[in-house]
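We call the chains A, B, C, D, E and F, going by the order they appear; numbering starts again at 1 in every chain.
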Amino acid sequence: MPSIRVELLPGRTNDQKRAFAEAVTRESVRILNCVPEDVEIIYTEVSRDDWAVAGKLLSDPKGD
Amino acid sequence: MPSIRVELLPGRTNDQKRAFAEAVTRESVRILNCVPEDVEIIYTEVSRDDWAVAGKLLSDPKGD
Amino acid sequence: MPSIRVELLPGRTNDQKRAFAEAVTRESVRILNCVPEDVEIIYTEVSRDDWAVAGKLLSDPKGD
Amino acid sequence: MPSIRVELLPGRTNDQKRAFAEAVTRESVRILNCVPEDVEIIYTEVSRDDWAVAGKLLSDPKGD
Amino acid sequence: MPSIRVELLPGRTNDQKRAFAEAVTRESVRILNCVPEDVEIIYTEVSRDDWAVAGKLLSDPKGD
Amino acid sequence: MPSIRVELLPGRTNDQKRAFAEAVTRESVRILNCVPEDVEIIYTEVSRDDWAVAGKLLSDPKGD
């Protein structure tokens, strides 16, 4: 607690995922007053074919 | 807002995903009174091995 | 299948939720080739205090 | 109803997933008083690179 | 790991939620070979107004 | 993108939620190279009756 889910586009390295997990955990401890062991983060990579905004897939060319 | 997640079996084409995103966005605007840019849809494909109903995996032969 | 989750701001009536469920189910059948009985939709109302974009809660006054 | 999502590390066999779905469905019927056909379970396998606890990826060597 | 989410209709008692959590944890240990401390379960109660199947809200009278 | 969900125990103030959203957005921009407007965070408060670890509800007295 907190249990955090992060949906993001593919392409981030393990170093980025580790650094982001470290930062979010540090800020959870600082702001939400929990202990690091209680902070769980799960990343889900979502391809541009599977992510739509305003009725368009992110993989669609702009201006379509 | 709305933020929509769609879990579905594999096999739909990008054309189907695009057409469904267009339709759901149009209906969100019409019925839920939001603007297209606020409608986010994420598809998650779930294999039949990972989807169970009534205690059976969808990949199990019928009648098992 | 599909199993759909809709996060949205509070304030929609049951009539709107019913109409949106009908429309999304109809479009699932038409575009994703499934049967109505397989379409499950769950709404989650999220208060503006609990929804943040660009680091601001939606309940924060604009321009803050 | 209930609709259940299970996030777990990769490596379980279909037999384990089937057995767990059977057990969870049986316990849903026994304890939550529902019928087997109403129990839906979706598994999501999460790699150790995508799962962090206490600011560390599960794929990181211990003691890092 | 596993991290489990259970969406269900309102009305179960804490005793039922505790008994179901005990049963699911026991079966996770037995079948998925994990330790009890790794099994996290979160319940989300979903009202019948917010749950739709086949385009109908569960709160709608049957036969509508 | 990223789209972030935070499940946490009740009791945090709007100031804490705002500060955490600011921090997570800042770190998303810094580490994941996205723009603030793309960072969406939704909080879900989960009562101790609805959160179980190792087969016990968090609302259960310790040592039960």
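Side notes on the structure shown:
The rule is short, and it goes like this: contacts are C-beta pairs under 8 Å (C-beta built on N, C-alpha and C of every residue); 3 or more make two chains touch, one makes a residue touch a chain.
Quick caveat: nothing in here was measured; it's all calculated off a predicted structure.
For the pair chain D and chain F, chains touching both partners: A, B, C, E.
Path length between chain E and chain F in the chain contact graph, taken as the least number of steps between touching chains: 1. When chain centres are set by their Cα atoms, the one at the greatest distance from chain E is A.
Farthest chain from chain C, judged by C-alpha centroids: D.
The mean-CA centres of chain A and chain E are about 25 angstrom from one another, to the nearest whole unit.
Distance between chain C and chain F, defined via averaged C-alpha coordinates, is recorded as 20 Å.
Work out the mean CA point of chain D and of chain E, and you get 12 Å between them.
In chain B, the residues that reach two or more other chains under the touch definition are 3, 7, 24, 40, 42, 44, 46, 51. By the definition given earlier, chain contacts exist for A-B, A-D, A-E, A-F, B-C, B-D, B-F, C-D, C-E, C-F, D-E, E-F. Considering their complex, residues 14, 17-18, 21-22, 24-26, 36-37, 39-45 of chain E touch chain F. Residues of chain A that touch chain B in their complex: 7, 44, 46, 49-57, 59-60. On the side of chain E, the complex with chain A involves touching residues 3, 40, 42.
Interface residues of chain A facing chain F in the complex, by the touch rule stated above, are 1-9, 12, 16, 19-20, 23-24, 27-28, 30-32, 46, 51, 58.
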